[in-house]
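When the chains are written out, they are named A, B, C and D in that same order, and each has its own residue count from 1.
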Amino acid sequence: MDAVVDFMSIVAIVAGAAFFAAGTIGLLRFPDTMTRLHALTKADNLGVGLVILGLLPRAGSITAGIKLLLVWLLVLFAGAIVSQLVGRVASREPPR
Amino acid sequence: MTFVPGAAALFILGMVAIGLLRALRGPRDADRLLSVQLLGTGAIAALLLYGVPSGDASAIDVALTLALLAAFASIAFVKAAGGYDDEPS
Amino acid sequence: MIDALNAGIALLLLALGAYAVMAKDVFAALVGYIAYGLLLTLAWMQLRGPDVALTEAAIGGGLTGAMLIAAATRLRDRDAAARAPMPGIGARVLAATLSAVVASAVAWSVASLPEPAATLAPQTLAAMPALEVGNPVTAVLLGFRALDTLLEAIVVVLALIGVWSLAPDKAWGGRLGRLQHAQPDGMLAYAARILAPIGIVIGMYIFWIGADLPGGKFQGATLLAAMWLLVWMAGLTDAPAVDRRWLRAMLVAGPLAFVAIGVFGAVQAGAFLAYPAGLAKPLIIVIEIALMPTLTLVLALVLVGPPLREPER
Amino acid sequence: MTALPLWFALVPAALIGVGLYGIVVHPQPLRKLVSFNVVGSGAFLLFGAVARRGAAVPLNGDPVPQALLITGIVVAFCASALAVMLILQLHDRSGDTSLEPAGEA
(Lines give C-alpha, C1' and ligand atoms only; values in the text may rest on other atoms or scores of the structure.)
Protein backbone atom coordinates (compact mmCIF):
# COMPACT_ATOMS: atom_id res chain seq x y z
CA MET A 1 0.00 0.00 0.00
CA ASP A 2 2.75 2.39 0.95
CA ALA A 3 4.61 1.56 -2.23
CA VAL A 4 1.53 2.41 -4.29
CA VAL A 5 1.11 5.75 -2.52
CA ASP A 6 4.79 6.51 -2.98
CA PHE A 7 4.58 5.67 -6.63
CA MET A 8 1.51 7.85 -7.18
CA SER A 9 3.20 10.67 -5.28
CA ILE A 10 6.26 10.47 -7.52
CA VAL A 11 4.14 10.32 -10.67
CA ALA A 12 2.21 13.42 -9.58
CA ILE A 13 5.36 15.37 -8.73
CA VAL A 14 7.03 14.49 -12.02
CA ALA A 15 3.89 15.41 -13.93
CA GLY A 16 3.73 18.72 -12.06
CA ALA A 17 7.34 19.47 -12.96
CA ALA A 18 6.52 18.66 -16.59
CA PHE A 19 3.78 21.29 -16.55
CA PHE A 20 6.30 23.85 -15.35
CA ALA A 21 8.49 22.92 -18.31
CA ALA A 22 5.49 23.35 -20.60
CA GLY A 23 4.68 26.72 -19.02
CA THR A 24 8.23 27.94 -19.55
CA ILE A 25 8.37 26.78 -23.15
CA GLY A 26 5.00 28.40 -23.83
CA LEU A 27 6.07 31.64 -22.19
CA LEU A 28 9.18 31.76 -24.36
CA ARG A 29 7.84 30.45 -27.66
CA PHE A 30 4.28 31.73 -27.95
CA PRO A 31 3.88 34.77 -30.18
CA ASP A 32 1.84 37.26 -28.12
CA THR A 33 0.79 38.20 -24.60
CA MET A 34 -2.55 36.42 -24.66
CA THR A 35 -1.17 33.03 -25.67
CA ARG A 36 1.66 33.42 -23.17
CA LEU A 37 -0.96 34.05 -20.51
CA HIS A 38 -2.55 30.78 -21.54
CA ALA A 39 0.75 28.92 -21.09
CA LEU A 40 1.37 30.52 -17.72
CA THR A 41 -1.94 29.49 -16.20
CA LYS A 42 -1.22 25.83 -16.95
CA ALA A 43 1.89 25.96 -14.81
CA ASP A 44 -0.07 27.82 -12.13
CA ASN A 45 -3.04 25.53 -12.00
CA LEU A 46 -1.78 22.09 -12.90
CA GLY A 47 1.93 22.38 -12.12
CA VAL A 48 1.45 23.53 -8.54
CA GLY A 49 -1.71 21.42 -8.21
CA LEU A 50 0.01 18.17 -9.14
CA VAL A 51 3.08 18.96 -7.04
CA ILE A 52 0.84 19.56 -4.02
CA LEU A 53 -1.16 16.43 -4.76
CA GLY A 54 2.09 14.49 -4.77
CA LEU A 55 3.18 16.06 -1.49
CA LEU A 56 -0.11 15.46 0.35
CA PRO A 57 0.78 11.90 1.50
CA ARG A 58 4.03 13.26 2.92
CA ALA A 59 2.45 16.21 4.72
CA GLY A 60 2.58 14.40 8.06
CA SER A 61 -0.54 15.90 9.62
CA ILE A 62 -4.09 16.87 8.69
CA THR A 63 -3.37 20.54 9.40
CA ALA A 64 -0.37 20.53 7.09
CA GLY A 65 -2.46 18.84 4.41
CA ILE A 66 -5.21 21.46 4.70
CA LYS A 67 -2.64 24.23 4.48
CA LEU A 68 -1.14 22.64 1.37
CA LEU A 69 -4.57 22.57 -0.26
CA LEU A 70 -5.10 26.21 0.75
CA VAL A 71 -1.81 27.10 -0.96
CA TRP A 72 -3.09 25.51 -4.15
CA LEU A 73 -6.46 27.31 -3.93
CA LEU A 74 -4.70 30.63 -3.42
CA VAL A 75 -2.38 30.01 -6.37
CA LEU A 76 -5.39 29.08 -8.52
CA PHE A 77 -7.23 32.21 -7.49
CA ALA A 78 -4.22 34.48 -7.99
CA GLY A 79 -3.64 32.94 -11.43
CA ALA A 80 -7.26 33.57 -12.43
CA ILE A 81 -7.22 37.17 -11.23
CA VAL A 82 -3.86 37.96 -12.81
CA SER A 83 -4.82 36.54 -16.19
CA GLN A 84 -8.09 38.50 -16.20
CA LEU A 85 -6.46 41.78 -15.24
CA VAL A 86 -3.28 41.49 -17.30
CA GLY A 87 -5.26 40.21 -20.25
CA ARG A 88 -7.47 43.29 -20.01
CA VAL A 89 -4.48 45.63 -20.08
CA ALA A 90 -2.87 43.69 -22.94
CA SER A 91 -6.05 43.70 -25.01
CA ARG A 92 -6.26 47.50 -24.97
CA GLU A 93 -2.87 47.93 -26.60
CA PRO A 94 -2.22 46.82 -30.14
CA PRO A 95 -0.31 43.52 -30.19
CA ARG A 96 3.41 43.80 -30.75
CA MET B 1 12.48 9.06 -0.71
CA THR B 2 13.52 12.69 -0.78
CA PHE B 3 15.44 12.35 -4.02
CA VAL B 4 12.53 12.82 -6.41
CA PRO B 5 11.07 15.92 -4.72
CA GLY B 6 14.53 17.47 -4.40
CA ALA B 7 15.34 16.83 -8.03
CA ALA B 8 11.91 18.13 -9.05
CA ALA B 9 12.52 21.32 -7.02
CA LEU B 10 15.81 21.85 -8.80
CA PHE B 11 14.22 21.15 -12.18
CA ILE B 12 11.28 23.52 -11.62
CA LEU B 13 13.56 26.27 -10.39
CA GLY B 14 15.75 25.84 -13.45
CA MET B 15 12.72 25.94 -15.71
CA VAL B 16 11.20 29.11 -14.29
CA ALA B 17 14.66 30.69 -14.31
CA ILE B 18 14.82 30.03 -18.05
CA GLY B 19 11.32 31.51 -18.25
CA LEU B 20 12.82 34.75 -16.94
CA LEU B 21 14.35 35.24 -20.39
CA ARG B 22 10.89 36.57 -21.22
CA ALA B 23 11.50 39.36 -18.72
CA LEU B 24 14.68 40.15 -20.62
CA ARG B 25 13.01 40.23 -24.01
CA GLY B 26 9.65 41.78 -23.17
CA PRO B 27 8.50 43.35 -25.41
CA ARG B 28 5.64 44.60 -23.27
CA ASP B 29 5.52 45.25 -19.55
CA ALA B 30 2.77 42.64 -19.28
CA ASP B 31 5.06 39.97 -20.75
CA ARG B 32 7.78 40.78 -18.27
CA LEU B 33 5.28 40.58 -15.46
CA LEU B 34 4.14 37.13 -16.59
CA SER B 35 7.63 35.69 -16.23
CA VAL B 36 7.76 36.92 -12.63
CA GLN B 37 4.35 35.39 -12.03
CA LEU B 38 5.74 32.08 -13.25
CA LEU B 39 8.80 32.47 -11.05
CA GLY B 40 6.49 33.08 -8.09
CA THR B 41 4.55 29.86 -8.60
CA GLY B 42 7.78 27.99 -9.31
CA ALA B 43 9.24 29.30 -6.07
CA ILE B 44 6.16 28.10 -4.18
CA ALA B 45 6.47 24.63 -5.75
CA ALA B 46 10.21 24.40 -5.09
CA LEU B 47 9.75 25.57 -1.51
CA LEU B 48 7.14 22.90 -0.83
CA LEU B 49 9.04 20.15 -2.65
CA TYR B 50 12.04 20.90 -0.56
CA GLY B 51 10.42 21.62 2.78
CA VAL B 52 7.56 19.13 3.07
CA PRO B 53 9.50 15.84 2.65
CA SER B 54 12.16 17.02 5.11
CA GLY B 55 9.46 17.78 7.67
CA ASP B 56 10.05 21.53 7.76
CA ALA B 57 6.61 22.82 8.80
CA SER B 58 7.53 26.47 8.32
CA ALA B 59 7.99 25.91 4.57
CA ILE B 60 4.21 25.59 4.22
CA ASP B 61 3.63 28.88 6.06
CA VAL B 62 6.13 30.65 3.81
CA ALA B 63 4.45 29.13 0.75
CA LEU B 64 1.08 30.28 2.08
CA THR B 65 2.40 33.84 2.41
CA LEU B 66 3.85 33.79 -1.10
CA ALA B 67 0.62 32.37 -2.55
CA LEU B 68 -1.50 34.98 -0.78
CA LEU B 69 0.57 37.82 -2.21
CA ALA B 70 1.21 36.20 -5.61
CA ALA B 71 -1.22 38.50 -7.42
CA PHE B 72 -0.13 41.63 -5.60
CA ALA B 73 2.46 43.02 -8.01
CA SER B 74 0.22 42.34 -11.01
CA ILE B 75 -2.75 44.07 -9.36
CA ALA B 76 -0.59 47.10 -8.60
CA PHE B 77 0.59 47.11 -12.21
CA VAL B 78 -2.93 46.98 -13.61
CA LYS B 79 -4.11 49.72 -11.25
CA ALA B 80 -1.18 51.96 -12.07
CA ALA B 81 -1.37 51.30 -15.82
CA GLY B 82 -4.97 52.53 -15.70
CA GLY B 83 -6.21 49.28 -17.15
CA TYR B 84 -8.94 49.10 -14.61
CA ASP B 85 -10.71 52.44 -14.71
CA ASP B 86 -12.46 52.09 -18.03
CA GLU B 87 -13.27 48.46 -17.59
CA PRO B 88 -16.49 47.51 -19.38
CA SER B 89 -18.84 46.04 -16.81
CA MET C 1 21.65 18.06 -4.29
CA ILE C 2 21.56 20.67 -1.52
CA ASP C 3 24.78 22.07 -2.89
CA ALA C 4 23.35 22.23 -6.40
CA LEU C 5 20.24 24.00 -5.11
CA ASN C 6 22.31 26.42 -3.03
CA ALA C 7 24.60 27.16 -5.93
CA GLY C 8 21.66 27.59 -8.29
CA ILE C 9 19.80 29.97 -5.99
CA ALA C 10 22.93 31.97 -5.23
CA LEU C 11 23.97 32.36 -8.87
CA LEU C 12 20.43 33.22 -9.94
CA LEU C 13 20.33 35.82 -7.16
CA LEU C 14 23.52 37.36 -8.48
CA ALA C 15 22.22 37.35 -12.05
CA LEU C 16 18.90 38.95 -11.05
CA GLY C 17 20.56 41.48 -8.77
CA ALA C 18 22.89 42.47 -11.59
CA TYR C 19 19.95 42.65 -14.01
CA ALA C 20 17.97 44.85 -11.62
CA VAL C 21 20.91 47.25 -11.57
CA MET C 22 22.03 47.08 -15.20
CA ALA C 23 18.84 46.65 -17.27
CA LYS C 24 18.16 49.42 -19.79
CA ASP C 25 14.41 49.63 -19.30
CA VAL C 26 13.21 50.83 -15.88
CA PHE C 27 10.25 48.49 -15.75
CA ALA C 28 12.40 45.51 -16.75
CA ALA C 29 14.81 46.37 -13.94
CA LEU C 30 11.97 46.47 -11.42
CA VAL C 31 10.62 43.14 -12.63
CA GLY C 32 14.13 41.75 -12.15
CA TYR C 33 14.15 43.17 -8.65
CA ILE C 34 10.81 41.56 -7.77
CA ALA C 35 12.07 38.20 -9.03
CA TYR C 36 15.16 38.82 -6.94
CA GLY C 37 12.97 39.34 -3.87
CA LEU C 38 11.17 36.03 -4.48
CA LEU C 39 14.48 34.24 -4.76
CA LEU C 40 15.71 35.86 -1.56
CA THR C 41 12.86 34.07 0.23
CA LEU C 42 14.22 30.74 -1.02
CA ALA C 43 17.72 31.78 0.00
CA TRP C 44 16.55 32.47 3.55
CA MET C 45 14.96 29.03 3.71
CA GLN C 46 18.26 27.52 2.57
CA LEU C 47 20.09 29.53 5.23
CA ARG C 48 17.66 28.06 7.79
CA GLY C 49 16.08 31.33 8.77
CA PRO C 50 12.36 30.58 8.38
CA ASP C 51 11.38 33.70 10.33
CA VAL C 52 13.43 35.84 7.98
CA ALA C 53 12.03 33.95 4.98
CA LEU C 54 8.48 34.76 6.12
CA THR C 55 9.33 38.44 6.49
CA GLU C 56 10.96 38.51 3.08
CA ALA C 57 8.05 36.65 1.49
CA ALA C 58 5.58 39.18 2.86
CA ILE C 59 7.59 42.33 2.24
CA GLY C 60 9.87 41.44 -0.68
CA GLY C 61 7.33 39.22 -2.40
CA GLY C 62 4.37 41.55 -1.98
CA LEU C 63 4.63 45.11 -0.76
CA THR C 64 7.95 46.18 -2.30
CA GLY C 65 7.01 44.95 -5.76
CA ALA C 66 3.65 46.69 -5.69
CA MET C 67 5.25 49.92 -4.48
CA LEU C 68 8.00 50.01 -7.12
CA ILE C 69 5.73 49.05 -10.01
CA ALA C 70 3.14 51.66 -9.06
CA ALA C 71 5.87 54.32 -8.83
CA ALA C 72 7.54 53.34 -12.12
CA THR C 73 4.25 53.31 -14.02
CA ARG C 74 3.46 56.81 -12.78
CA LEU C 75 6.88 58.15 -13.72
CA ARG C 76 7.12 56.38 -17.04
CA ASP C 77 7.60 58.34 -20.27
CA ARG C 78 7.19 61.67 -18.57
CA ASP C 79 10.37 61.36 -16.60
CA ALA C 80 13.26 63.18 -18.23
CA ALA C 81 15.71 61.75 -15.70
CA ALA C 82 15.17 58.31 -17.22
CA ARG C 83 16.58 59.59 -20.49
CA ALA C 84 19.45 61.49 -18.92
CA PRO C 85 22.76 60.18 -20.17
CA MET C 86 24.79 57.78 -18.06
CA PRO C 87 28.16 59.16 -16.99
CA GLY C 88 30.99 58.76 -19.48
CA ILE C 89 32.95 55.58 -19.98
CA GLY C 90 35.82 56.80 -17.81
CA ALA C 91 33.56 57.52 -14.87
CA ARG C 92 31.85 54.18 -15.28
CA VAL C 93 35.12 52.27 -15.29
CA LEU C 94 36.16 54.18 -12.19
CA ALA C 95 32.85 53.33 -10.49
CA ALA C 96 33.16 49.66 -11.48
CA THR C 97 36.71 49.50 -10.15
CA LEU C 98 35.70 51.10 -6.89
CA SER C 99 32.76 48.72 -6.53
CA ALA C 100 34.98 45.72 -7.27
CA VAL C 101 37.43 46.85 -4.60
CA VAL C 102 34.62 47.16 -2.05
CA ALA C 103 33.18 43.76 -3.01
CA SER C 104 36.61 42.13 -2.72
CA ALA C 105 37.16 43.71 0.67
CA VAL C 106 33.81 42.35 1.87
CA ALA C 107 34.56 38.89 0.44
CA TRP C 108 37.97 38.91 2.04
CA SER C 109 36.61 39.86 5.44
CA VAL C 110 34.02 37.07 5.18
CA ALA C 111 36.74 34.57 4.26
CA SER C 112 38.72 35.55 7.33
CA LEU C 113 35.93 35.20 9.89
CA PRO C 114 37.15 33.56 13.09
CA GLU C 115 36.94 29.79 13.60
CA PRO C 116 34.98 28.46 15.39
CA ALA C 117 32.13 30.81 14.55
CA ALA C 118 31.02 33.18 17.26
CA THR C 119 27.45 32.41 18.25
CA LEU C 120 24.94 33.51 20.83
CA ALA C 121 22.67 30.54 20.18
CA PRO C 122 23.57 28.61 23.39
CA GLN C 123 23.04 31.72 25.54
CA THR C 124 19.69 32.32 23.86
CA LEU C 125 18.62 28.75 24.49
CA ALA C 126 19.76 28.86 28.10
CA ALA C 127 17.73 31.97 28.85
CA MET C 128 14.60 31.02 26.90
CA PRO C 129 12.80 29.10 29.69
CA ALA C 130 12.58 32.32 31.72
CA LEU C 131 10.72 34.00 28.84
CA GLU C 132 8.36 31.06 28.27
CA VAL C 133 8.38 31.48 24.49
CA GLY C 134 9.32 28.62 22.19
CA ASN C 135 10.59 30.56 19.18
CA PRO C 136 14.20 31.69 19.78
CA VAL C 137 13.85 34.56 17.31
CA THR C 138 10.82 35.91 19.20
CA ALA C 139 12.79 35.49 22.41
CA VAL C 140 15.54 37.68 20.98
CA LEU C 141 13.14 40.25 19.51
CA LEU C 142 11.18 40.75 22.72
CA GLY C 143 13.63 39.47 25.30
CA PHE C 144 17.30 40.23 24.99
CA ARG C 145 17.11 42.79 22.21
CA ALA C 146 13.73 44.30 23.07
CA LEU C 147 15.30 47.77 22.93
CA ASP C 148 16.04 47.26 19.21
CA THR C 149 12.46 46.25 18.59
CA LEU C 150 11.16 49.26 20.51
CA LEU C 151 13.38 51.63 18.55
CA GLU C 152 12.32 49.97 15.32
CA ALA C 153 8.65 50.47 16.13
CA ILE C 154 9.41 54.15 16.71
CA VAL C 155 11.48 54.46 13.52
CA VAL C 156 8.74 53.05 11.29
CA VAL C 157 6.23 55.52 12.78
CA LEU C 158 8.76 58.28 12.01
CA ALA C 159 8.94 57.06 8.42
CA LEU C 160 5.17 57.45 8.15
CA ILE C 161 5.39 60.95 9.62
CA GLY C 162 8.06 61.67 7.00
CA VAL C 163 5.71 60.53 4.24
CA TRP C 164 2.87 62.62 5.64
CA SER C 165 5.09 65.68 5.84
CA LEU C 166 5.23 65.71 2.03
CA ALA C 167 1.59 66.79 1.93
CA PRO C 168 0.76 70.04 0.14
CA ASP C 169 -0.45 72.66 2.65
CA LYS C 170 -3.99 72.83 1.33
CA ALA C 171 -4.41 69.07 1.54
CA TRP C 172 -3.44 68.83 5.21
CA GLY C 173 -6.32 67.33 7.14
CA GLY C 174 -7.64 65.59 4.02
CA ARG C 175 -7.78 61.93 3.23
CA LEU C 176 -4.54 60.06 2.52
CA GLY C 177 -3.47 59.22 -1.01
CA ARG C 178 -5.46 59.53 -4.19
CA LEU C 179 -9.03 58.46 -4.65
CA GLN C 180 -9.12 54.92 -6.04
CA HIS C 181 -11.48 54.59 -8.96
CA ALA C 182 -13.07 51.21 -9.12
CA GLN C 183 -16.19 49.38 -10.00
CA PRO C 184 -17.95 47.81 -7.04
CA ASP C 185 -18.79 44.70 -9.08
CA GLY C 186 -15.53 44.59 -11.07
CA MET C 187 -12.79 42.01 -11.14
CA LEU C 188 -10.58 43.70 -8.59
CA ALA C 189 -13.40 44.14 -6.10
CA TYR C 190 -14.20 40.47 -6.49
CA ALA C 191 -10.56 39.55 -5.85
CA ALA C 192 -10.44 41.75 -2.77
CA ARG C 193 -13.69 40.31 -1.39
CA ILE C 194 -12.37 36.75 -1.68
CA LEU C 195 -8.71 37.25 -0.78
CA ALA C 196 -8.99 39.73 2.07
CA PRO C 197 -10.90 37.48 4.52
CA ILE C 198 -8.57 34.54 3.81
CA GLY C 199 -5.56 36.83 4.09
CA ILE C 200 -6.70 38.26 7.41
CA VAL C 201 -7.09 34.74 8.85
CA ILE C 202 -3.63 33.76 7.58
CA GLY C 203 -2.15 37.00 8.90
CA MET C 204 -3.62 36.44 12.37
CA TYR C 205 -2.46 32.83 12.28
CA ILE C 206 1.12 33.80 11.42
CA PHE C 207 0.98 36.43 14.16
CA TRP C 208 -0.35 33.99 16.72
CA ILE C 209 2.07 31.10 16.15
CA GLY C 210 4.99 33.53 16.41
CA ALA C 211 5.50 32.80 20.10
CA ASP C 212 6.51 29.20 19.47
CA LEU C 213 7.05 28.73 15.72
CA PRO C 214 8.42 30.90 12.91
CA GLY C 215 6.11 33.86 12.49
CA GLY C 216 5.17 36.87 14.57
CA LYS C 217 3.93 40.41 14.55
CA PHE C 218 6.05 41.75 11.70
CA GLN C 219 5.04 39.04 9.28
CA GLY C 220 1.42 39.03 10.41
CA ALA C 221 1.17 42.83 10.27
CA THR C 222 2.63 42.86 6.76
CA LEU C 223 -0.02 40.43 5.56
CA LEU C 224 -2.82 42.43 7.19
CA ALA C 225 -1.44 45.61 5.65
CA ALA C 226 -1.32 43.95 2.23
CA MET C 227 -4.93 42.87 2.57
CA TRP C 228 -6.06 46.35 3.55
CA LEU C 229 -4.15 47.76 0.56
CA LEU C 230 -5.92 45.27 -1.70
CA VAL C 231 -9.32 46.39 -0.43
CA TRP C 232 -8.22 50.02 -0.82
CA MET C 233 -6.94 49.52 -4.39
CA ALA C 234 -10.21 47.83 -5.25
CA GLY C 235 -12.04 50.98 -4.18
CA LEU C 236 -14.05 49.17 -1.53
CA THR C 237 -12.79 51.46 1.18
CA ASP C 238 -11.08 54.82 1.32
CA ALA C 239 -8.04 55.85 3.29
CA PRO C 240 -8.77 57.78 6.51
CA ALA C 241 -8.19 61.51 6.81
CA VAL C 242 -4.81 62.35 8.23
CA ASP C 243 -6.22 64.17 11.27
CA ARG C 244 -8.43 61.36 12.62
CA ARG C 245 -7.84 60.91 16.33
CA TRP C 246 -8.30 57.13 16.28
CA LEU C 247 -5.65 56.88 13.58
CA ARG C 248 -3.10 58.79 15.59
CA ALA C 249 -4.00 56.95 18.79
CA MET C 250 -3.46 53.58 17.11
CA LEU C 251 -0.17 54.72 15.60
CA VAL C 252 1.35 55.63 18.94
CA ALA C 253 -0.40 52.92 20.99
CA GLY C 254 2.17 50.21 20.18
CA PRO C 255 5.34 52.14 21.02
CA LEU C 256 3.65 53.74 24.06
CA ALA C 257 2.58 50.37 25.46
CA PHE C 258 6.10 49.10 24.85
CA VAL C 259 7.65 52.06 26.70
CA ALA C 260 5.11 51.71 29.54
CA ILE C 261 6.04 48.06 30.01
CA GLY C 262 9.70 49.05 29.88
CA VAL C 263 9.18 51.58 32.67
CA PHE C 264 7.17 49.01 34.62
CA GLY C 265 10.17 46.70 34.32
CA ALA C 266 12.48 49.47 35.53
CA VAL C 267 10.33 49.89 38.64
CA GLN C 268 9.60 46.20 39.32
CA ALA C 269 12.69 44.38 38.08
CA GLY C 270 15.38 47.02 38.26
CA ALA C 271 16.10 47.67 34.59
CA PHE C 272 14.33 49.30 31.63
CA LEU C 273 12.48 46.61 29.65
CA ALA C 274 13.30 43.90 32.20
CA TYR C 275 10.39 41.54 32.78
CA PRO C 276 9.51 40.68 36.40
CA ALA C 277 9.83 36.93 37.07
CA GLY C 278 6.72 35.01 36.05
CA LEU C 279 5.26 37.93 34.10
CA ALA C 280 7.50 37.60 31.03
CA LYS C 281 5.11 35.75 28.77
CA PRO C 282 1.98 37.85 29.50
CA LEU C 283 3.96 41.07 29.04
CA ILE C 284 5.45 39.82 25.76
CA ILE C 285 1.96 39.00 24.52
CA VAL C 286 0.70 42.44 25.53
CA ILE C 287 3.55 44.08 23.61
CA GLU C 288 2.95 41.94 20.53
CA ILE C 289 -0.79 42.69 20.51
CA ALA C 290 -0.18 46.40 21.06
CA LEU C 291 2.42 46.61 18.27
CA MET C 292 0.28 44.74 15.78
CA PRO C 293 -2.16 47.59 14.84
CA THR C 294 0.66 50.14 14.78
CA LEU C 295 2.77 48.06 12.41
CA THR C 296 -0.21 47.19 10.20
CA LEU C 297 -1.19 50.84 9.85
CA VAL C 298 2.35 52.04 9.18
CA LEU C 299 3.12 49.35 6.58
CA ALA C 300 -0.13 50.03 4.75
CA LEU C 301 -0.12 53.83 4.95
CA VAL C 302 3.48 54.41 3.86
CA LEU C 303 2.38 52.96 0.51
CA VAL C 304 -0.80 55.06 0.39
CA GLY C 305 1.25 58.23 0.65
CA PRO C 306 0.66 61.72 2.03
CA PRO C 307 -2.76 63.37 2.08
CA LEU C 308 -3.36 64.76 -1.40
CA ARG C 309 -7.02 65.77 -1.27
CA GLU C 310 -8.47 68.81 0.38
CA PRO C 311 -10.26 68.15 3.67
CA GLU C 312 -13.98 67.57 3.45
CA ARG C 313 -16.14 70.14 5.17
CA MET D 1 27.13 21.66 10.33
CA THR D 2 28.62 25.04 11.06
CA ALA D 3 30.56 25.33 7.82
CA LEU D 4 29.80 28.60 6.07
CA PRO D 5 27.83 27.96 2.88
CA LEU D 6 30.37 29.39 0.47
CA TRP D 7 27.86 30.50 -2.14
CA PHE D 8 25.97 32.58 0.35
CA ALA D 9 29.14 34.31 1.43
CA LEU D 10 30.70 35.27 -1.90
CA VAL D 11 27.52 36.10 -3.84
CA PRO D 12 26.40 38.74 -1.28
CA ALA D 13 29.81 40.41 -1.56
CA ALA D 14 29.39 40.54 -5.34
CA LEU D 15 25.83 41.90 -4.92
CA ILE D 16 27.14 44.70 -2.71
CA GLY D 17 29.63 45.60 -5.42
CA VAL D 18 27.05 45.52 -8.23
CA GLY D 19 24.58 47.61 -6.26
CA LEU D 20 27.24 50.16 -5.37
CA TYR D 21 28.06 50.54 -9.06
CA GLY D 22 24.37 51.15 -9.79
CA ILE D 23 24.08 53.83 -7.10
CA VAL D 24 27.03 55.68 -8.60
CA VAL D 25 26.22 55.54 -12.31
CA HIS D 26 22.41 55.78 -12.60
CA PRO D 27 21.10 59.29 -13.11
CA GLN D 28 17.51 58.32 -12.23
CA PRO D 29 16.65 58.30 -8.51
CA LEU D 30 14.33 55.27 -8.77
CA ARG D 31 17.17 53.21 -10.25
CA LYS D 32 19.50 54.44 -7.53
CA LEU D 33 16.93 53.28 -4.96
CA VAL D 34 16.72 49.79 -6.47
CA SER D 35 20.51 49.59 -6.53
CA PHE D 36 20.59 50.71 -2.93
CA ASN D 37 18.19 47.92 -2.03
CA VAL D 38 20.43 45.42 -3.81
CA VAL D 39 23.33 46.58 -1.63
CA GLY D 40 21.10 46.30 1.43
CA SER D 41 19.93 42.79 0.67
CA GLY D 42 23.54 41.78 -0.04
CA ALA D 43 24.44 42.93 3.43
CA PHE D 44 21.41 41.12 4.86
CA LEU D 45 22.42 37.90 3.10
CA LEU D 46 25.93 38.18 4.46
CA PHE D 47 24.45 38.61 7.91
CA GLY D 48 22.26 35.56 7.30
CA ALA D 49 25.26 33.49 6.26
CA VAL D 50 26.98 34.50 9.50
CA ALA D 51 23.82 33.50 11.40
CA ARG D 52 23.83 30.12 9.68
CA ARG D 53 27.47 29.74 10.60
CA GLY D 54 26.64 30.25 14.26
CA ALA D 55 24.35 27.21 14.31
CA ALA D 56 24.43 25.29 17.57
CA VAL D 57 22.44 22.14 18.25
CA PRO D 58 19.42 22.13 18.32
CA LEU D 59 19.20 25.46 16.49
CA ASN D 60 19.92 25.76 12.78
CA GLY D 61 21.22 29.27 13.08
CA ASP D 62 22.15 31.97 15.52
CA PRO D 63 18.80 33.60 16.47
CA VAL D 64 20.32 36.96 17.37
CA PRO D 65 21.36 37.99 13.82
CA GLN D 66 18.15 36.46 12.50
CA ALA D 67 16.05 38.66 14.77
CA LEU D 68 18.07 41.72 13.77
CA LEU D 69 17.53 40.79 10.13
CA ILE D 70 13.76 40.88 10.59
CA THR D 71 13.83 44.36 12.07
CA GLY D 72 16.33 45.34 9.37
CA ILE D 73 14.09 44.20 6.52
CA VAL D 74 11.07 46.05 7.93
CA VAL D 75 13.03 49.27 8.48
CA ALA D 76 14.61 49.02 5.01
CA PHE D 77 11.16 48.68 3.50
CA CYS D 78 9.85 51.75 5.34
CA ALA D 79 12.90 53.77 4.31
CA SER D 80 12.41 52.70 0.69
CA ALA D 81 8.75 53.68 0.84
CA LEU D 82 9.72 57.11 2.14
CA ALA D 83 12.26 57.44 -0.68
CA VAL D 84 9.66 56.44 -3.29
CA MET D 85 7.25 59.04 -1.93
CA LEU D 86 9.98 61.70 -2.11
CA ILE D 87 10.70 60.74 -5.72
CA LEU D 88 7.01 60.89 -6.63
CA GLN D 89 6.65 64.30 -4.95
CA LEU D 90 9.69 65.57 -6.84
CA HIS D 91 8.08 64.34 -10.04
CA ASP D 92 4.71 65.90 -9.23
CA ARG D 93 6.18 69.28 -8.42
CA SER D 94 8.93 69.66 -11.01
CA GLY D 95 7.77 67.41 -13.83
CA ASP D 96 10.71 65.05 -13.71
CA THR D 97 12.95 63.41 -11.15
CA SER D 98 16.27 64.75 -12.34
CA LEU D 99 18.71 65.47 -9.55
CA GLU D 100 20.62 68.03 -11.63
CA PRO D 101 20.18 71.68 -10.66
CA ALA D 102 17.55 73.41 -12.79
CA GLY D 103 18.98 74.73 -16.06
CA GLU D 104 21.71 72.13 -16.33
CA ALA D 105 19.49 69.08 -16.61
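The rule is short, and it goes like this: contacts are C-beta pairs under 8 Å (C-beta built on N, C-alpha and C of every residue); 3 or more make two chains touch, one makes a residue touch a chain.
Note that the structure is predicted; figures quoted are calculated from it, not measured.
By C-beta pair count, the most extensively touching chains are C-D.
Centroid to centroid, with C-alpha atoms defining each point, chain A and chain D lie 31 Å apart.
Centres computed as Cα averages put chain A at a distance of 10 Å from chain B. Centroid to centroid, with C-alpha atoms defining each point, chain A and chain C lie 28 Å apart. Per-chain Cα centroids separate chain B from chain D by 22 Å. Looking at chain B, one finds that residues 33, 35, 57, 61, 64, 68, 70-71, 75, 77-78, 81, 84, 87 touch two or more other chains. For chain C, the set of residues that touch two or more other chains comprises 9, 63, 67, 74, 187-188, 191, 195, 198.
Along chain D, no residue makes contact with two or more other chains.
Here, these are the chain pairs in contact: A-B, A-C, B-C, C-D.
Residues of chain C touching chain B in their complex: 1-2, 4-5, 8-9, 12, 16, 19, 25, 27-28, 31-32, 34-35, 38-39, 41-42, 45, 50, 53-54, 57-58, 61-63, 65-67, 69-70, 73-74, 180-183, 185-188, 191, 195, 198-199, 202, 206, 209, 213-215, 219, 223, 226, 230, 233. Of all residues in chain C, only 187-188, 191, 194-195, 198 touch chain A in the complex they form. Considering their complex, residues 6, 10, 13-14, 16-17, 20-21, 23-24, 27-28, 33, 36-37, 40, 43-44, 47-48, 51-52, 54-55, 58-60, 64, 67-68, 70-71, 74-75, 77-79, 81-82, 85-86, 88-90, 92-93, 96 of chain A touch chain B.
The part of chain B that touches chain C in the complex is made up of residues 3, 6-7, 9-10, 13-14, 17, 20, 23-24, 26, 29, 32-33, 35-36, 39-40, 43, 46-47, 50-51, 56-59, 61-62, 64-66, 68-73, 75-81, 84-85, 87, 89.
On chain A, the positions that touch chain C within their shared complex are 70, 74, 77, 81, 84-85, 88.
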